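Take a look at the structures listed below.
Each of the next two complexes has chain A plus one other chain: chain B in the first, chain C in the second.
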Partner chain A sequence: MARVALDHLSVRFGTVAAVDDISIAFEQGEFIVLLGPSGCGKTTTLRCIAGLEQPTSGQIFFDQDEVSHLPPRVRQVAMVFQFVSLYPHLRVRDNIAFPLRARGEGRAEIERKIAWMTKIFDLGDILHRRPGTLPPGARQKAALARAVVREPRVLLLDEPLSAIDEQFREEMRWELRHLQKELGMTTVHVTHDQREAMSLADRVVLMRAGKIVQAGTPRELFDDPVDEFAAHFIGSPSVNLIDAAFTEDGVALGEAGVPIRLPERHLEALRRSGLRRGRIGIRPHSLTPASQGDHAAVPVERPIAYSVGRERFLDFELSGQVWRGVLPADAGISLPERMHLDPARIFYFTPEGVRLPVA
Partner chain B sequence: MRQAIPASRATAHAVPKAISDRTICGLFMAPALAILILMVAYPFISLLYYSTLNFSILNPAKGSEFIGLENYTRLLSRESVWERFVFTGQFVLATVVVQFCVGVAVAYAFQRNFRGRDLLFTIAMLPMMLCPIVVGFLWRYMFNSEWGVVNYLVTLLGFVKIDWLGVPGNALWAVVIADAWMWTPFVILLATAAFRGIPTDINEAAEIDGASPFFRFTRVTLPMSMPILLIAFLLRLIDAFKQSDLFFAMTGGGPGSDTETVAFRLGKIAFSHFYTGQASAFAVIMLVIIIGLSLIFVRLLTQQGRQD
Partner chain C sequence: MSLHRQPILIPAIVIGIYMIYACGPLLWLVLSSLKDRQELFSWPPSLFFTPDLSGYRMVFGIGEAAETATALGLTDALINSVVISVSGTVLAVAFGTLAGYACSRFAFPGRDDFMFFALSTRMIPPVAVLVFYHVMFSRLGLSDTRTGLILVVTFINLGLATWIMKGFFDGVPEEIENIALVNGYTRLYAFWNLVLPMVRGGIAATAGFCFIFAWNEFAFSTILATTQAKTLPVKISSATGATGIEWAQICAAGVVLVIPVAIFFWLIRKYLLMGMTFGVLGRSRT
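== the complex of A and B ==
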């Protein structure tokens, strides 16, 4: 297992920079998730680490070894692809044995490792079947076994769970996480699904347009997004956003200018920015029914309340936008007329979407 | 008039019911069936029939005499006929092996991206599109022992001139070269199609799994291309077995009749000697061999299919 470092890595296809000068290091044994919308460069970054893509500039290190331009087969990485990558003409056991045979390992050693994988992934039933006869979930399990069996320096996962149905995906996530911890594999996982990222990662690397927007623990990304994009991309249900005017004693939301009174240290931060206008964001879970005389509350218009499992949500209109808040599980039928914004949880953004720090 | 209208309606409804689906099916298939019977079934049955007769089409007035399987026994007891089968077997084996070794290798080389690849590929396909008899004469002149370009190259390399077409052993290889030149493109074409059918992910997975190019070729590329390559192999095998044009143009079957293939001999019996009955029996024997070969390959293909 290796520490992986990317140093000013860029990949250009023609004039398009798919990966644009990124530098980051993944520690040994860390579970990294590269997250972002499609076309953000996460898969290209992964393919660079694998050696399937050549960096235009910059370097890639596994521990002390520079591997930037080495061919994939000498990098000792393993990869699981989104769709078919098992060899269709080989039985599952021969698929697992493939990387070992390619390396010229002995028969006894191969048998021992197949037995090991069979135990870990519970492959007993499918060991002698061909990939074409297996459901997608079992196929990915076998693909994962083939990747892990060679004890790679880095395990690369390219949306391996996206083609699997929801229920089995949850199970696979759990298994993947256990396995990764047990074997201490440095793992780089690519996904566009923020829930998957949050549930798997030690550290999430959020990317956009070939650049890293933010890298941190799932908690950090959720609680402390660096900009509006990060705030919007992470969290489900997603953050409520609205244009705001920064006033003497708070903010005025939307065209209607709904006034919100803010604590002094927030006002100070806003004054320091020198801005008159910007945007604010607040996550639905920080938007709760307001009590009488609340100065940090917004009116509820055209409300719809609904439950998702044990959680109750309230969707309502604020200045032409749909906002979402939460209701206590034991709330009665009558809906609140105003919803309270937890000031400590408000994100302030410049009109360009950069987060304004509040000390 | 008033009563005529409902009456015509009634018939309009009745007509489709009068013809059942089966009949319509039959009617649609009838033209194709008629052509098939006329072009395949009738000739085949008459072939079987003539193969049991002592009959020459040059002398129909003499009539035909039913002699049972005598045509077959007479053919198969003749050593010169067996020699033709052995010679044809040698030719088929040599030419198909050469075509596949060269064809698969070239197709694999064409997998890589290089400048002018598509143009080169198109040029490589050309020999296959020529008329076999033309190819035969081209190579006959190139193999001419006195002034042919092949012997010119041989002397350039410092060897003595070779009598390519006058010695049976040499002539076999000369025709193998000509046949392989003409038909290797077909193998290239099908092998290329087979290789391109392998998903990129599979090749990338193999590369990441640490497979060397050779390991990848033998363990992934070839096995995954097998169904198409098997079909190409069968087609080339049958075609090579039927080869006679190239021998006709290059050696005329000579010296003596040493370079006559089975098909060549069949042509001679049928259209030089006009032993129509015997030629029919000979054709039936060839047909049985070809069908036998095909069955082996169909079996192999279905086995492959079952594995997936």
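== the complex of A and C ==
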């Protein structure tokens, strides 16, 4: 297992920079998730690490070894692809033996490793079947076995779970996480699904337009987004956002100018920025029914309350936008007239979307 | 029952008319090749008669019929045609497969221009470049040689072969190679052992098209092959000798000309449609 370092990595297709000067290191045994909307460069980055794409500039290191321009076959990486992962003409066991045969390993050695994989992945029933006859989940499991069997320096996963149906996907996530920890594999996983990223990663690398927006633990990305994009991309249900005017004693939200009073240290931070206007964001879970005389509260108009499982949400209109808050599970049928914003949980953004720090 | 039958009637009539139109000449050709002079010009044409093989004997130069002054002796031309068409097809398919693969998988600068150029070679009317070829071939000593015609046939088919094969390679998911590449194999291994077997049908279709174009090629052959390297179509067209037209012989030669094409079409019938649509049908990219 290796530590993977990207140093000023860029990939250009014509005039388009798919990956734009990114530098980051993935520690040995770390589970990294590259997250972002489609076209953000996450898959290209992964393909660079695999050697399927040539960097235009910059370097890639596995431990001390520079691998930037080595062909994939000598990099000792393993990769699981989104759709076609197994060879349809080979039985599962031959698929697993495929990378071992490339290295010219002996028959006994191959048998031993197939047995090992069969045990880990519980493949006994499907070992002699062809991939076409298997459900997608079992296929990806076998693909994972083939990736792991060669004991790669890095395990690369290109949206391996997206073709699997919802129910089985959660089971696969759990299994993937266990395996990764057990085998201590440095793993780079690409996905556009933030929930998948949050549930799998030691560290999430959020990308946009070829650049890294933010890298950190799932918790950090959720609680402390660096900008509006990060705040919006992470978390479901997604963050409530609105334009705001920064006033003497707080902010005025939306065109209606709904006033919110803020604690002094927030006001100071806003004054320091010198901005008159900006945007604020608050996650639904920090928006709860207000008590009497609350000054950090917004009025609830045209409310709709509903439950998702045991969670109760309240959608309402605020200055022409739909906001979402949470209701306590034991609340009665009467809906609150005002919702409280937890001041410690408010994000402040410049009009360009950069987060304003509130120390 | 009648509801079901009626809509079929009109298409059946239309197809029937087309079949008569399409197959009539062919039937006439086959029948005429077996008739003697007398029978040939009787009206209405007879369907039942004693077959006379002298036309075929003259074509292949067998027996006394070959001794007559008008006998064509097509054996040489037939060999020329087979050698040139088969070699030209093999070369065009081999290079077209490699070029098609490159164009399908690698985004090299000028790829689109190259693809257009490849296609444009098929849009050029042969007559436009004939003089150039004639001069070039005489300078290079390729005039009237099989090698020269093999080159010509390869050239006229290469663009088409590249296009058809690119279509088939596009239908093969890139992961097929990528899996092999990251698992320790070379691209050559992946191409040869994994991708090529998946486009066997495409290769068959491409070969079929190339062979048929090569077999039927007339314009270049007429000018560039004057005696030694004469191909079957050229030879047949020159069958109108001084002593009159040997219709039975010409018809027999025509049958000989048609047979290989018919066999080839029959062999690749499954892949024909795929080939015509540049491999778009039948496979979708995942």
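In the analysis below, the second predicted complex is superposed on the first by the 359 of 359 C-alpha atoms of A that agree within 3 Å, B and C clash if a C-alpha of one lies under 4 Å from a C-alpha of the other, contacts with A are read in each partner's own complex, and residues count from 1 in each chain.
The rule is short, and it goes like this: a residue touches a chain if its C-beta (ideal position, glycine included) is under 8 Å from a C-beta of that chain, and two chains touch if they have at least 3 such contacts.
Nothing here was measured: the structure is a model prediction, and the numbers come from that model.
When both complexes are superposed on chain A, chain B and chain C end up clashing with one another. Of the two partner chains, chain C is the only one touched by A:Phe13; chain B is not. When the two complexes are overlaid on their common chain A, residue A:Pro357 makes contact with neither chain B nor chain C. Legend: residue contacts after superposition of the two complexes on their common chain; A:Pro99 is shown touching both chain B and chain C.
Touch criterion met: A:Gly132 reaches chain B, while chain C stays clear of it. In the overlay built on the shared chain, the residue A:Val84 is in contact with chain B and with chain C. It is stretch 152-160 of chain C, out of 134-142, 152-160, 242-250 or 278-286, that runs into chain B when the two complexes are superposed.
Chain A residues in contact with chain B (one complex) as well as with chain C (other complex) are 50-52, 71-75, 77-79, 81, 83-85, 87, 98-99, 102-103, 146, 150.
The touching residues of chain B, counted against chain A in their complex, run 199, 201-202, 204-212, 215, 219-220, 223-224, 226, 307-308. Partner chain B is touched in their complex by these residues of chain A: 50-52, 71-79, 81, 83-89, 98-99, 101-103, 130, 132, 146, 150.
Within the complex formed with chain C, the chain A residues making contact are 13, 50-52, 71-75, 77-79, 81, 83-85, 87, 98-99, 102-103, 146, 150, 156.
Interface residues of chain C facing chain A in the complex, by the touch rule stated above, are 107, 173, 175-176, 178-186, 194, 286.
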